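Naming follows writing order (A, B, C and D), and every chain is counted from residue 1.
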Amino acid sequence: MPRVWDNFVYNWLAGFLQDWVAFLIMGIVVMAIILNFLALLVMVLQYMDRRLIARFQVRFGPNRVGPSGLLQPIADTIKLLTKEDLRPRLADPLVFTLAPLVVFLGGTLAFAVIPFNRSGFLADLNVGILYIFAITSLGAVGIFMAGWSSNNKYSLFGAMRAVAQLVAYEVPVVVSILGVVLITESLSLVDIVEKRDIPLILLQPLGFLIYLAAATAEVGRPPFDLLEAESELIAGYHTEYNGMRWALLQLGEYVATFAVAAVVTTLFLGGWKGPGPAVLGYVWFMLKALFVYLLILWVRASLPRVRIDQLMGFAWKFLLPLALLNVFITAAEALMWPDFPWLLVPVNIAIALGLVVLWSSLFQLRAYRKVEA
Amino acid sequence: MTTAVVASDVAQQVNTVMPGRVLEATGSTLVVRPVAVFEVARWLKANLGFDFLECLTAVDYLQHFEVVYYLLSLSSNQSLVLKTRLQGREGLQVPSVTPLWQGADFQEREAYDLFGIQFDGHPFMKRLFLWEGFPGYPLRKDFL
Amino acid sequence: MSQQQNELVTEPVILNMGPHHPSTHGVFRMRVALDGETIVDMEPVLGYLHRGIEKLAEAKTYVQVVTLTDRQDYVAAMTNNMAYVMAVEKLSGIKVPERAEYIRVIMAELMRIASHLMAIGFFLNDLGVFQTVIVYCFREREKVLDLFEMASGQRINFSYMRPGGVIQDLPPQFIPQLKQLLAELPGYFDEYEQLINENEIVLARTKELGVLPADKAINASASGPVLRGSGVAFDLRKADPYSAYPRFQFDIPTGTRGDAYDRYLVRVAEMRQSLRILQQAVEQMPTGPHRTRTPWLIRPPAGDAYAHIESPKGVLGVYLVSDTGISPYRYKVRPPSLINLTTLRDLVVGCKLADCIVIFGSIDVNMGEVDR
Amino acid sequence: MYGTGILKALAVTFKNALRPPFTVQYPDEKVAISLRFRGYNFAWYREKCTVCCTCAKACPVGIIYIVGRLQPNNAYYAERFEIDTGRCLFCGLCVESCPFEAIYMGREFEQAKYARREEFIDWAKKDGDPRVPSSWFRPCEEAGVETHYLQPEQRKVNL
């Protein structure tokens, strides 16, 4: 499998250097490219976020700095960089400082294995999916650190909710993509994209829905943004943060959300695949990922937040059973028709719709039940 | 149209049950002794159906304070004004009607806060708007 | 060591929600005792916006007090003006011309729409649709405020009504623009209902939440949409018709369960009824003077008067005592927001932290009116 | 039920996203202001003012300062006519109370100044300045006006 650095630069370096030195140099260079790409991407995402949310709210959004407000993210960054660095006196200094880094790291490391193009990835782990789920959970540790060390009750509530949310939603997330793994018989993200010609959303519509909902909840985007529920907890875990630390937390959040979009693209939407020459793979990947991001954004603009107990109920009673059913159905299909003919597409869509309707008539977000004191 | 009850009729009825409570009855206004406020209010609520305490307030007339209750009956759509007069300026006490109408809760606290009238039997007699230890009672006429 | 407690001893967390909090609608403060996410006790702490309007009014002339009434419920200033001038008229026996009554009704109903729009927007804000619905609501509210600006020259602090009528007659373009608005608004209301009414998350969050039974609501002197949401069809516009209301046909929408969702539904239904009233008022609008001549310094005879109207938030009463001077001897407001808050503690205890905000939002208070 | 409500909500927000924004880009673009707008920069006319001070008495916050001088022809001349607009409520009671229609509300709203004292307007010193009177409580100003809303001049907006 060709890697992104298997090119003439690498060959030229390998000509007069030790092999591993060339490997190291190229690895660091690609890493720097990806990191800077992410930092720039967050600016784009943030601009897109604000402009599109504004459109949903019949407003303009930022349009003053630069043409159509395109330089707004840069202005924001400069403002955040030059802000006074404040830390509550009773906050735990070490943990308080480390937390934004951990949050940022959790989102960023996932991009090590995401293939942007046929050979456009940093590493092709044979357990790529497992790696992604392991590493994105790190973000929750950072969030908990932030909430715990802030010495603020709102932050603490946000942190506790984040942990509860992560524990609950990691399960449906992992189970929902087992179907994909069954179809493609691989855990490597590159293999998953390569294996089938059609986007797997057609074969796995139910898995797609479950994954999208559960992953949205895992990164704490509305309507599951309980960890920073603005109307209840002010800003949740980052209430006490400001300046560049706050920016890092935001960066981590945006990167994590984009990681979800990227994983959805890779697993269900066919990754880099699309018409045109191979170089266009990057473009196709970004377009698909931004489309998924737009979906998450649209939901954010329209839906209210669920309550904590409803959130838990939704994970354990709705998503998890459906995800398990999805695994069984896919396994049966894999046994009977191992090459997954086109005929299964309408069948699977029908099954998905039927199951969703059936389950939502069985399960309802528990209306209010008062606890007797 | 809300009809105002004729207070003298009510006064007669109250007098037959609890003589000596009513001081005055003019128009739709019934003036009772301060100590009898709770009893009369309970009787009014039970027998005439005044289930809605619309407004409770106090007025400082320098010689005396007047506590005013606007009662409304949602079932028969009638209204009645209950008043009581507290003489003096210190140690003013009047029985609380919060056990009868929960709606009196904040209004009595407000009257206590701004006029310094103690409502006996109120579950949580604490200043409502001003902080504990605020000097004086602002809505009194001698507060400048 | 042997006598170690084998049960975990926990104590409630005291959380001060407010006075600076995104969803306390101003400067309300809830001192909440929390056991986990569940509220075990709540104490409302008021007074952060206390400006002493009642005391200030004792040093102003009767006309000047109108400017103070604007600042009580600054979301619905017209109805405050109306309650006050009605009390002055009752106290001093001023007659109001027919046209002025109609103008007042038009203003009060437009104010009800504007206030309810804001209530719905902030209610959804509290639920977590951050700012989307409120921007939609503000879009429509702007159109109502344009009408107010046209007639009274201001958008928030109108000071439009005077004892004996209204300050200035409606401008000629008012009625056509109002008719246009009346044609537009139902479509927007439909849109809100489409957005909110069937949304599963909204239903799950608000149904059966903060249930206020009818008898309890009456006992706690709740009024307005809070009382009607509990199923009590009590509306002063019907129960004690004032101004020109006896001449209009309209219904009193009521809820059935008394939960937060019913209060929201009642608000939307009330806006539609307001449109009905406005339609009739525009059709029947009489001609004539907009104001009786009153002296600049009104000196009512000694005595007291109590006038009450159905403001958007409930029964707004004004109690005036006169000592024949040029300023009120005592000016007391019966603030619906404050009295609707009486039951807040009972509704909130036992709920989750997030519900506390929703219940508070469904009551729709205005802190300017609560604290005065 | 079955998520249809959520889909409906998404449809509504999508429909609204296609509508043109209703907000206004303030410094470049200004909303039309009513002819009756009760705003900043009162219009005061020396020739009508008799220094009777009714406006100063009517003001609920007491921000009108008037100094008058008796002229030889037995008429009063206003040496100072100051309004501290920084504390003004814009209630319009001064306009309402004026028996000679010497004071009008203004129709401006951009009131921000760098210092508190700049909020004082001394109209007696600005005799020749242009005035933007509002028609609030002065119905005569509305006679013959076609539209009730005045469009302020707009600049090009960069959206």
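We take it that a contact is a pair of C-beta atoms (placed from the backbone, for glycine too) under 8 Å apart; a residue touches a chain by one contact, two chains touch by 3 or more.
These numbers come from a predicted model, not from an experiment.
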Message: Component check with chain A excluded and positions unchanged: what groups of chains do you get?
response: one piece
Statement: Comparing A-C with A-D, the one with more C-beta contacts is A-C
Query: In terms of Cα-based centroids, which chain occupies the most central position?
result: C
Field: Far-end chain from chain D, centres as C-alpha averages
entry: A
Field: Between chain A and chain B, centroid-to-centroid distance (C-alpha), Å
entry: 62
Query: Which whole number of Å gives the spacing of the CA centres of chain B and chain D?
result: 45
Message: I'd like the Å distance between the centres of chain A and chain D, where a centre is the mean of that chain's Cα atoms.
response: 52
- prompt: On chain A, where are the residues touching two or more other chains?
  reply: 56-59, 301-303
- line: By the touch definition above, chain C meets two or more other chains at residues 132, 136, 139, 195, 199-203
Task: Could you list which residues of chain B touch at least two other chains?
output: none
Field: Touching chain combinations (by label order)
entry: A-C, A-D, B-C, C-D
Touching residues (chain side chain A, partner chain C) in the complex: 56-59, 153-154, 157, 222-223, 225-226, 229-232, 234, 301-310, 364-373
- line: So, in the complex, the side of chain C touching chain B is made of residues 46-47, 50, 52, 54-55, 216, 218-222, 232, 234, 239-241, 304, 306, 308, 315, 317, 319, 321, 329-330, 332, 334, 338-339, 341-343, 371
Query: Once bound in the complex, which stretches of chain D touch chain A?
result: 1-3, 6, 9-10, 12-14, 16-17, 19-23, 25, 158-159
Statement: Residue set of chain C touching chain D in the complex reads 60, 63-64, 66-68, 70, 132, 136, 139, 142, 146, 149-154, 157, 159, 167-169, 171-174, 191, 194-203, 296
Query: Which residues of chain A touch chain D in their complex?
result: 52, 54-60, 63-64, 67-68, 298-299, 301-303, 356-357, 360-361
